[in-house]
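Before I ask anything, let me first share the structure, which is written out below as structure tokens.
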Amino acid sequence: MIRGRITGRIWSSKHIETLPNGALLEVTLDTGGSLIALDPLGCAEGEAVLVTQGSVAAGYFTKSKAPIDALIIGSIDEQG
Amino acid sequence: MIRGRITGRIWSSKHIETLPNGALLEVTLDTGGSLIALDPLGCAEGEAVLVTQGSVAAGYFTKSKAPIDALIIGSIDEQG
Amino acid sequence: MIRGRITGRIWSSKHIETLPNGALLEVTLDTGGSLIALDPLGCAEGEAVLVTQGSVAAGYFTKSKAPIDALIIGSIDEQG
Amino acid sequence: MIRGRITGRIWSSKHIETLPNGALLEVTLDTGGSLIALDPLGCAEGEAVLVTQGSVAAGYFTKSKAPIDALIIGSIDEQG
Amino acid sequence: MIRGRITGRIWSSKHIETLPNGALLEVTLDTGGSLIALDPLGCAEGEAVLVTQGSVAAGYFTKSKAPIDALIIGSIDEQG
């Protein structure tokens, strides 16, 4: 998995019908670069998150074949 | 997923028989580089799109095993 | 597989319910960069490890579809 | 998918028994780098091709589990 | 697939139980970098090899779900 921080959100009105519900969040990676991940947890901008990639991201969705290759699987605990 | 913008289209008259119908579009990625993605949505040159990669891209095609590792899953809403 | 060395650990109190038990360890790769891998072996900070990536990492977990794309599969023997 | 051009061919007399028949061609990628892809189409040196990667490349072979992670799926039409 | 040359071997006394038998060889890639691949062919140090990556590498092992994401599938013929 890779670490990153939420830095934005995108909307897609025109999309394929198998796209699951959930926010499409921009995650800036600690190792550089960024990606768009689906968020089933309700994370907020600025939150540090853990992202899984590839077919295991789609495996989270059991009803249909979700076209998702990046999923936020957890929020990383940060010391206050 | 990754963000990009459509910058071209390719044609392949000689191809394997399991290639699905649909435009093969060149997508220039926001993070650099480019790839060729299948477009089931009818996007236009210059449009900002969201691309999924790997075996989940092929999972969109249910009739046969499609040899597709990059699929446009949505058009990204842009403020006018 | 890729080689690396354990350089940290993260905790995630808020996570999806299918995340398996096990430590989430930061592995700094010999080829540069770092990732977070699930550790089923109980490795210690500083230990040299072998990491597998992608859907085969999730295949280790047989009870449910684990959203894991990086797994420590062995500790690398080092000469004393 | 990625674009490239055929720049060579390799032979492997000693190989695992599940390697399918077909030429193993070196493809130099338009975005830099190169890889070895299996060619089911009979492409020639210098030809521009479209390559798919990952498990979908292996899915083209239906008789056995082919250990193929890169497959030429089409020749790209070029203006004369 | 990618080309490389065998430049070392690692041993892992402490490993997960589903790791298959076979040498874990370090392969230095022609395009730069290195990885650890499982070798079912008995290759020697200095030998030029072809490596497949991802879930198709694990598919070679039929008895159990092998946590292998890189497999040597052939030795590359070199002119004497």
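By letter and in written order, the chains are A, B, C, D and E; residue numbering begins at 1 in each of them.
In this section, contacts are C-beta pairs under 8 Å (C-beta built on N, C-alpha and C of every residue); 3 or more make two chains touch, one makes a residue touch a chain.
Please read these numbers as outputs of a predicted model, since none were measured by experiment.
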Same-residue or different-residue interface between chain D and chain E, half as cut-off: different
Gap in Å, rounded to a whole number, between the CA centres of chain D and chain B: 20
Separation of mean Cα positions, chain C and chain B [Å, integer]: 32
Contacts with 2+ other chains: residues of chain A: 54-55, 57
Topology of the chain contact graph, where touching chains are joined (line, ring, star, complete, other): ring
Running round the ring (origin chain D, first step to chain E), the chains in order: D, E, C, A, B
Footprint of chain D on chain E - complex, ascending: 1-3, 30-31, 40-41, 50, 52-57, 59-60, 62, 71, 73-77
Residues on chain D engaged by chain E in the complex (per definition of touch): 10-16, 18-19, 24, 33-37, 54-55, 57-58, 65-70
